[in-house]
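Please go over the structures that come below.
Shared between the two complexes below is chain A, which pairs with chain B and chain C, respectively.
== the complex of A and B ==
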């Protein structure tokens, strides 16, 4: 199955095409997507922690949409990067740790979205629930970046 | 330049960076965290400067900038560590110099912002569109930071391969 994935035309193109539009572009888009997903999440997290309180919580709604689209970009580019090197990456424990951390971070984002856009949100002081969601988000994304980087070394 | 490279390579700091196997991956991890802070936080401010997210008061978005600066300083330090570790790899690469050029543009643009639009940011209220100058500064910032990321990512692929 993994070897078949690696042998598909798409995987071969991603891995072996000498074009700067193949592997380097896919990797660059994956990095831009990382910047947008984690960076936009960081904006939401900082607001939940009480930074820039004059930004009303509901006005952050576009950031969740941007995060979603950047996440879609990284799912697509991530699939390409995976199939290009499937037999190796599928054997890496740190790859599964990365996927697990991303899944948890996404779940946390869904919970944070409910709080930020929900009717009972309070623009004044951050609650302990707000802080908890923000800190967990920051830690999970930090962990996902660490695991992703370690895939190149382990 | 080559004499300088040889001198840097001979320092014990350079040896430490290259031969302690945990230093490079650790710095890369923080370099990516700093990247996300700069792209996400500065990018958000840039988009507001360009006139998007008008419901959000622009001077409130500016309050996020100290965290973006923290991300940038993280990358300046970790990038400096990469440079000391392998000066030959960067100083001989035109791609790295392109990255430096885009960094300079981003820096100059930020300076122009502070000296012009940044001084009267309070005049732009929530709901307001932004003046043309602000839009231009926001767009230049966004393009130059994405350029910094692009050239950084291209380092192993273009020019002198690592």
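== the complex of A and C ==
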């Protein structure tokens, strides 16, 4: 199955194309998508922590859709990067740690979305629930990035 | 701290980081230091056994005949996309081609790996006519 994935035309193109518009572009898009997903999440997290309180919570709503689209981009580019090297990556523990942290971070984002879109008092100090969601989110994304980067080294 | 002072501090920090990066010529890509020892060089020669021309890093294998028998070396090279720009193709090093390789040895105990290598034909001439012989100034991986 993994070997078959690795042998598909798409995987072979990603892995073996000498073009700068192949692997380097896929990897670049994966990095840009990561920047947007984690960047937008960090904005939400910081607001939950009480930074920039003049921004009303519900006005952050569009950030969730931007996060979603950037996440779709990273799923697509991530699949390409995975299949190009499937037999190796599927054997890496740190890859599963990365996927697990991303899953938890996304679930946390769903919870944060309910809070952000729910009724809030803008100038109120952040509740402990808000702070918890934000800190957990930041830690999970930090961990996911670290795990992803370590895939090149472990 | 006001915004203007923060911006000034950030700019100074960024400029400082840029100076440090320029002072360390090895940091073009990302460090090979976890895997290869930049303070040492090893040299070996023999026929190419396999050339994996791929992204994000290519691998070249060749066989050295030693007193203890044959040893297969693994040489880590740059991405297919990068090698292409230096004139290399997947056909550049066919199995059997005699080469001489001088590079940084792998840190892994008992392994025969190299990176950041100078690769020539057995007589010292460039692999690709007119091409450079140092595949990568620095760090793969």
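Just so we're on the same page, the second predicted complex is superposed on the first by the 150 of 154 C-alpha atoms of A that agree within 3 Å, B and C clash if a C-alpha of one lies under 4 Å from a C-alpha of the other, contacts with A are read in each partner's own complex, and residues count from 1 in each chain.
Criterion: a residue touches a chain if its C-beta (ideal position, glycine included) is under 8 Å from a C-beta of that chain, and two chains touch if they have at least 3 such contacts.
Fair warning: this is a prediction, and the values are worked out from it, not measured in the lab.
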Which partner chains sit in contact with A:65 here, chain B, chain C, both or neither? Use first/second/both/neither. neither
For A:27, select first, second, both or neither according to whether it touches chain B, chain C, the two together, or no partner. both
So, does A:84 touch the first partner chain B, the second partner chain C, both, or neither? second
Would you sort A:19 into first (chain B), second (chain C), both or neither based on which partner it touches? second
Quick one: is A:153 in contact with chain B, with chain C, with both, or with neither? Answer first, second, both or neither. both
Looking at chain A, which partner touches more of its residues: chain C or chain B? B
For A:46, using the defined touch cut-off, is the partner it touches chain B, chain C, both, or neither? Pick first, second, both or neither. first
Kindly classify A:55 by the partners it touches after superposition: chain B alone (first), chain C alone (second), both, or neither? first
Check the residue A:129 against both partner chains and state whether it touches chain B (first), chain C (second), both, or neither. neither
Same chain A residues contacting chain B and chain C, which ones? 20, 23-24, 27, 152-153
Which positions of chain B touch chain A when the two form their complex? 24-25, 28-29, 32-33, 35-41, 43-44, 52-53, 55-57, 59-61, 63-64, 67, 146, 149-150, 153-154, 157-158
Which residues of chain A touch chain C in their complex? 14-20, 22-24, 27, 84, 152-153
Chain A-facing residues of chain C, complex: 30, 34, 53-56, 79-81, 83-85, 89-90, 141
Partner chain B, residues of chain A touching it in the complex: 20, 23-24, 27-28, 31-32, 34-43, 46, 51-56, 59, 62-63, 141-142, 145-146, 148-150, 152-153
